[in-house]
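There are structures below to look over.
Two complexes, one shared chain (chain A), two partners (chain B, chain C).
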Partner chain A sequence: MEEFHPHNDEMIFNADEAHNIVKECIESVLGKADYNQNKVNQWTAAIVEQSLTHLVKLGKTYKYIVTCAVMQRSGAGLHTASSCFWDTTTDGTCTVRWENRTMNCIVNVFAVAILL
Partner chain B sequence: MGELGPDEGAENTYSLRPGLQHRFKSSTVKECIRAILKEKLANVQYIPEEMPELTKSLSETIKDRLKEEGFDRYKMVVQVVIGEQRGEGVNMAARCFWDADTDSCAHHVFMNDSLFCVVAAFGCFYY
Partner chain C sequence: RLRPSAEGDGGRRNHYRARLGWVSIAPPKTPSALRFFLHKLELCLAGPARRFPVAAVDEILRDVVGSALREQRYEPGPCREAAKNIAEVVKARVKALAVPRYKIVVVAHVGQLGGQSLQVGSRCLWDPQSDTFSSYVFKNTSLFAVTNVYGVYFE
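What follows is the complex of A and B.
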């Protein structure tokens, strides 16, 4: 069983760590690929699943929500906003934007703390 | 020693699980979201300058509405995505690591001629 960190008083969500993890996952899945309508389903699923697995391996007592949107680059605009009702001292979020020649990718990670 | 009430000793009143009525029900939440989007986005055109404000206010509105619904002890996350309708391909996915018994999510997609809007709401029980 992986390491389990019990709750300590200074539990804060580490956004940088999450940012790096997610960035690596996106690179490994999308890398140098071009937008392909047939594969985009598999890509988004792979990105979220891999990110989630890596975040869980950190062993912190958090519930995670990971969302990913992949869009073709056609000049159209996209806006995202999120609103959260939680404990701001322990919970946190992280957003990673990535793009290449043919597509844009936005991944959001929301981490909700569990107090034991 | 103080007097004890009719029941001998205290009963446990701290619940570790939400009751059936208090669950974060997907159907109820989806209905809320659908009603709000229908009301707020009915005749709205995609105007790049106004979109940031609109997305933010929409997510705040939906979050406040869900708070009023009375999901006690639930932490909530509402995500709103608005994009221009130009026929381009968009794909969105989400995965969650939580307690499937108590936590849940709901989503709804609204489209009109000039824009599309996706709202996803997640609720996590706070033990």
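What follows is the complex of A and C.
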């Protein structure tokens, strides 16, 4: 009796596409702005939500985690590291670093595949 | 329990009555495909057998980040290594909890306390009934660390 096996080999995370999407979102939110303590909360929320919306429009069966860190440029150092336990054939990550005169922005996108 | 019902629009689509409601799909072509589909659907509706243990992960974060950074002063080289080390060790210990069908993502930020301001935000597109996260903030006189662990159910 023949057994049924589904094929899931077309699912690969396209990091370049995600990179472009996120870069555009950051530009549209932070653009020419200067660091402002009162606005930074809504900036990080806007970047993250816009990125998620655009990633979902790609229509792939992925769960997404988007993290954004915005820091004032004062000469202080910041290090970010990540480690993941997942399926390396289907899942992937993308990091976008952006800066202007007064602030730095780091956005991480993690895409985790699900089976449908 | 799942069972095929007698209704359908001209046989092109069958409606399978599931525990939570009606699911409308095109019929699988072979008996083994049908069995596979029903098995997967049942697993899907059941959700995770064991939930992500947030309390245990909180404890792991407190332990790993605390012991890595407690007496440390900020220096670029050692702190870069510390961030990588924290991410790897936390991932290994959460993996050792062996929660079935959960994928793990760990993100660690380590920075200098220099009077500047930093905002870290994250949003996730996932299933809130099965997926969750844990977060820990550490501070001493010269540095700070923010570590997040996300647990994503492989459904």
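FYI, the second predicted complex is superposed on the first by the 108 of 116 C-alpha atoms of A that agree within 3 Å, B and C clash if a C-alpha of one lies under 4 Å from a C-alpha of the other, contacts with A are read in each partner's own complex, and residues count from 1 in each chain.
In this section, a contact is a pair of C-beta atoms (placed from the backbone, for glycine too) under 8 Å apart; a residue touches a chain by one contact, two chains touch by 3 or more.
Note that the coordinates shown come from a computational prediction; the quantities given were computed from them, not determined experimentally.
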{"item": "Fit or clash between chain C and chain B when superposed on chain A", "value": "clash"}
{"item": "Touched partner set for A:A33, first chain B, second chain C, both or neither", "value": "neither"}
{"item": "Partner chain(s) touched by A:I12 [first = chain B, second = chain C, both, neither]", "value": "neither"}
{"item": "Partner chain in contact with A:T80 - chain B first, chain C second, else both or neither", "value": "both"}
{"item": "Partner chain in contact with A:V48 - chain B first, chain C second, else both or neither", "value": "both"}
{"item": "Overlapping contact positions on chain A, where the chain C interface meets the chain B interface", "value": "35, 37, 40-41, 43-45, 47-49, 52, 55-56, 63-72, 74-87, 91, 108, 110, 112, 114-115"}
{"item": "Complex interface listing, chain A residues touching chain C", "value": "1-4, 6, 35, 37, 40-41, 43-45, 47-49, 52, 55-56, 63-87, 91, 108, 110, 112, 114-115"}
{"item": "Residues on chain C engaged by chain A in the complex (per definition of touch)", "value": "28, 30, 32-33, 35-36, 40, 74, 76, 79-80, 82-84, 86-88, 90-91, 94-95, 103-127, 131, 148, 150, 152, 154-155"}
{"item": "Residue ranges of chain B touching chain A (in the complex, touch as defined)", "value": "46, 48, 51-52, 54-56, 58-60, 62-63, 66-67, 75-99, 103, 105, 120, 122, 124, 126-127"}
{"item": "Contacting residues of chain A [partner chain B, same complex]", "value": "35, 37, 40-41, 43-45, 47-49, 51-52, 55-56, 63-72, 74-87, 91, 108, 110, 112, 114-115"}
